[in-house]
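In structure tokens below, several structures.
There are two complexes below, and they share chain A, which is joined by chain B in the first and by chain C in the second.
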Partner chain A sequence: MLRFLANRVLVAIPTLVLISIIVFSLQQLLPGDPALIIGGGEASPEVIAAIREEYGFNDPLVIQYFHWIGDIFRGDFGVSYRTRQPIGPMILDKIPVTVTLGAAAMLFSLVIGIPLGILAALGKGKGWDHAVTVFAMSGISIPNFWLGIMLILLFAVKLRWLPAGGFVPFTEDPIGCLRSIAMPSVVLGTALAAAMMRHTRSAMLNILQQDYVRTARSKGLAERVVIVRHAFLNALVPIITLATLQFGTLLAGAVLTEQVFSIPGLGKMVVDSVFNREYQAVQAVTLLSGVAFVAMNLLADILYFWANPKLRANR
Partner chain B sequence: MSVSVSSAGPGKTRIPRPAQSQFALTFRRFVRNRAALAGLIIVGLFAILAIFAPLIAPQDPTATDWGAIRQSPSLAHLFGTDELGRDVFSRILYGARASLLAGFVSVLISFGVGVPLGMVAGYFGGFLDTVIMRIVDAFLAIPFLILAIALAAFLGPSLSNAMIAIGISFAPVFARLARAQTMVVKVEEYIEAARSIGAPHSVILSRHVFVNILPPLLVQTTLAIATAIIAEAALGFLGLGQQPPAPSWGSMLDNARASLLIAPTMAIYPGVAIFLTVLGFNLLGDGLHDALDPKD
Partner chain C sequence: MTNALLSRTALAAIFLAGFSAAGSAQDLSIALADDPDALDPVTNRTHVGITVMGVMCDGLLTTDEDLNFVPVLAESWSWSDDGLALTMNLRQGVSFQDGSPFNADAVKAGLERALNQPDSQRAADISSISSVEAPGEYEVVVNVSEPSAQLLSKFAERVGIIFSPTAIEETGAADIGAAPVCAGPYAFDERVAQDRIVVTKVEDYWNADAYAFDTVTFRVMPDDSVRLANLQSGDVDIMEKLDPSNVDVVEQDPNITVEPVAVMNNQALMYNLEQDGPFASADVRNAFELSLDRNAINQVAFGGRYLAGNQVTPPNSQYYDPATPMPERDVEGAKALLEQAGVEMPVEFEILVPNRPLSVRVAQMMQAMSQEAGFATELNVVDFATTLQMTEDGNFTAWGPIGPQFANDPDAVAFQVLHSTGSRNLSRYYSDEMDALLEETRTQTDPAERVEVFHQVAALAAADEPVTYLYHMPQIYAYDSAIEGLTYTGDGFLRLEGVTRAE
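After this line comes the complex of A and B, so read on.
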């Protein structure tokens, strides 16, 4: 296990270095002088010079990269040019919000996606299977920001059951928190639920054809036991792996969901930073999302390893 | 899947038809799939609307009318008007142009960048493969839309930059697929044969490998267009796509959100348009996948 883990970590390192180079290089895409863009059109030459100095734009690119990455390793993501607030703590504040939203969306997608996927597999080719397939296809095709607007229209404007936006932390008011993330988590979780449904369906179909399922049936086990204990528990491995790998989709979807519902999380921070020309904050969140994705991949590998006795025996 | 062989009727002697070509078989499987056909019809319909928008649109999509702000649907304005009195129906038609253009151009960029890289990595293997795939992995690690937003932000907001951003963000997916397929194809006998008669790598790659990995790439292309259309709408919604006053479905939704309480119908049509177009491409892609690879 330790060797396996060490190996996975070693493989992840070059990827992490490359992610940081990609994110750093984004800055080179800025049309014209980045100092001018950060300072805005009205900035005086002195201010521009100060910005150049502060951001190290006068140094060679390689030096700039090492400065940048060195600061990040010390937890220094730069200072917001507009508010003079350090970006690191700003991000730390937003993480719990996005994690709460993401976890709720993940829960929604599991609760909806897995049972429907199983039902579709069991009734393959029947009406039920078709209904689930149509639902899954629609879930993948619907733009989540539009779904959000439609839900607001129905549940906040028409019925007045739920708040149209905003976020209440769970620690302050658990009920208020649930009310505030009810619609956003459905919006964020729908595409995920659809993906989960399709994967559960194909994983179950694959496993129901295996010899051990036939054996379980032929020795007279109740169908329920066959499906739950023999088929589903085995299908769970690819499902868990998929759920972990959906992390990126979840984070990207959060950008739009948070925008629609005015939720002050990482996604909204990215969009606000773009329009406030806080490019360092955009870079910081992009970098973090890449690093978090690599970490989740590592977790998926470990889960897969742990759940698969064949791999454990071969280590 | 039963392969139909022409059977001679009783009492008649007919020369058996030659076995159907792969293309004919695939085509028959495709047209028998009702969902795929529905996808094709939806996509075709939106393509026609986009191409003939100037002929179909009753009004100039950017013409404002202060006397007719946020009107409900009527005969004069089929889908009503927006906050500047512009005709929503005309804007939806012209928005189809932006969406489809973005879908095709972004995927063209992804294809053009990703496929050659993936083919070279898969064909030559070794160090080159390691380097290319490490870079591809790093790009794939950054969530697609976040990378697209970051790229669009740094390039500056415009439709063409949004297309570049989406195209680059999606290129790694094509590189991955092209590499995997190339590795399958390169051990085939016809590649070995081509190599043994001294064909240069460039000819083998372009004339033998590329042609044979095209079917799965085609499926991916169709599904990628669906993703790209949603992504373009998302960037437009965030203000990073098509800039006003030019119409795009994403920015129309953003405007509609601002007047949700006063004119709720404004938010319905652009969303339905995005949903149907994306659904069309997804159905088409799934249908192509099933037709090209009936084993699944």
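After this line comes the complex of A and C, so read on.
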């Protein structure tokens, strides 16, 4: 197990270096001179030149890259040149927000997607199966933005049951927190629930045709036991893969969802920072997302190991 | 029995009293369309930054809705006979929000910071100031190198907001924008980037009774429909920048009040006069102007809620030149001008458009209208930051609609765009005659004479047409109808003095 882990971590390092280089260079491709943005369009050429000097925009790219990486290893993500606030603490403030939202969305997708997937597999070809499939297709196709606005119009504007936006930390007010993330997590989790349902359905269908399931049934086991213990547990492996790999989709979805619900998380930070050419903030968040993604893949490997006895036996 | 009843009544009374006291901590929530930049009057560059600082801080003076100066921290002021010295008498007994005294020394330090700090965005506005003196504890004398007609208007804007010198010394001038300390009704409490800014009422503020809310929370909601949904759901009390095309719908809602506040600003198309090609000719630019129906643009793009105009100031302003009225759309006239200019038809034309929905809507209408007059107009829609870069590099034929968002004096919308040294003169329009006129508007201290000079500026700008002015945008606020007593400064910012919430 340890060797397996160490192996995976070693493979992750070059990936991370590559990510950092890509993040850094993509930023440079964005049109628009940050010095002009910082200067605000009203600054004189002398001021612009001074800004370039101060932020090191004049240095060769390679030097800028190493400065950047060096600072990050020291925990220094720079200072927002618009608001003069340090970026590191800003990100720390936003991580719990996006994590709360992501976890709630993931929970929603699991709670909805897995039972529906099992039911669809059991009723394959029947009306029930078709209904679930239609739900899944719509779930995948509905744009987050549209669904968000519709929910706000219904639950916040019309019925006034839920706040239209904003975020309340769980530690401050648990009920308020649940109310504030109810709609966003449904919006963010819908597409995921649909994907989860489809994967569960096909994994279950595949397994229900296996010989051992037939054996279990012919042994006279209760159908419930056959489905839960024999079929579903084995279908878990592809579902775990999906759940962990959907992490990236979640982050991408958070960008839109946070915008619609004015939730101060990482997604909103990225969008706002791109528009304001806050290079350092965008780089920091993108890099962090990359690191988190690699970490999630590592977690997927470990969960695999745990869920699949065959893998353990082979070592 | 009576005793028991009494004590129960007393208990209930205590409970109710406690309850209402707890309920009286009132917050006013304001939805902003953008995240403000540094909350420092010296380095601030955004409109929305002034909205926030305007609620927190008192300035030396302000303007009423007719752009008359109103005393705030400067109780009175007078110019010397030669117009070279402005004496201001300050309000006494005022403290900054950190408790340090507001006095002439603090004002002197604040003005000198605006003049001298290397990254000051205000230095050019007040470059006529040669020195600042503090002869008495509450008397400030500002000396100028030549008579300055627009200086007071600057004091009624960001320059007039003075920060506590003690706080600047402690925090450092570079970082004071993240922890602002000024003199005014609401003190900075916390800021969560891109989310909210909370300010808290200053209890010993000299005019505290006039401010009913204990806290004011600014929430950042860039999307128009999200901002509106939050207002409709009661999550925010006031929103700025209501999309004009939503005004009709929102006005149907009895719980919401819509208030368009007229502001001296303009949106225009700027031509690059240095680029070779047909648009180097004023005839071609005038032909393009003739091909446009500004009223139709206003009706279609903005539901008629904006103000069509052809000059740097709006038609309802005293600075608008009545002798240069807005031309009617004249397609034949435009074609005749093109023929006179001897350009090849159709005239190829590319407009650089910032990718904001309303701007794109306007550009598409200009494209359709100009095509009928013989222009082959293309739109190049890119994000705003990129258009800044391209126009700075001179890499464009025309750019717009674009323009200053607010002003409390015509100098602020005219000089920087039309003077050859203006920082926003991206048209590269260099005219000695225009320079002389604009300089005269700055030194002419007789108000009536100054209006006359601005009329000449408007007439010359219309003849040379370095810029085609299109329309003027009111600042459209929408708020919960329970909010009463809102007023605005002359440049369209919120004033919370006397504002209450009806129960």
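The working rule: the second predicted complex is superposed on the first by the 305 of 315 C-alpha atoms of A that agree within 3 Å, B and C clash if a C-alpha of one lies under 4 Å from a C-alpha of the other, contacts with A are read in each partner's own complex, and residues count from 1 in each chain.
As a convention for this text, a residue touches a chain if its C-beta (ideal position, glycine included) is under 8 Å from a C-beta of that chain, and two chains touch if they have at least 3 such contacts.
All of these numbers come straight from a predicted model, not from anything done at the bench.
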Side-by-side fit of chain B and chain C on chain A, or clash: clash
Partner chain in contact with A:157 - chain B first, chain C second, else both or neither: both
Chain B versus chain C as contact partner of A:14, first or second or both or neither: first
Chain B versus chain C as contact partner of A:264, first or second or both or neither: second
Touched partner set for A:149, first chain B, second chain C, both or neither: both
Touching partner for A:218 - first (chain B), second (chain C), both, neither: neither
First (chain B), second (chain C), both or neither touched by A:275: both
Touched partner set for A:171, first chain B, second chain C, both or neither: neither
Identified clashing stretch of chain B versus chain C [60-68, 204-212 or 276-284]: 60-68
Common interface positions of chain A, toward chain B and toward chain C: 31, 149, 152-153, 157, 259-260, 275
Touching residues on chain A, where the partner in the complex is chain B: 14-15, 18-19, 21-23, 26-27, 29-31, 137-138, 140-143, 145-147, 149-150, 152-153, 157, 248-249, 251-253, 255-256, 259-260, 270-271, 274-275, 279, 282-283, 285-286, 289-290, 293-294, 297
Chain B residues touching chain A - in the complex, by the definition given at the top: 35, 134-135, 137-139, 141-147, 149-151, 153-156, 226, 230, 233-234, 237-240, 253, 256-257, 260-261, 264, 267-268, 270-271, 274-275, 278-279, 282-283, 286
Chain C residues within the chain A interface of the complex: 35-38, 40, 45-46, 118-119, 121, 124, 174-175, 177-178, 191-196, 219-223, 225-226, 229-230, 232-235, 382-386, 388-389, 392, 416, 423-424
Chain A residues touching chain C - in the complex, by the definition given at the top: 31-33, 36-37, 40-44, 47, 50-51, 80, 82-85, 90, 93, 149, 152-153, 156-157, 160, 163-167, 259-262, 264, 268-269, 272, 275-277
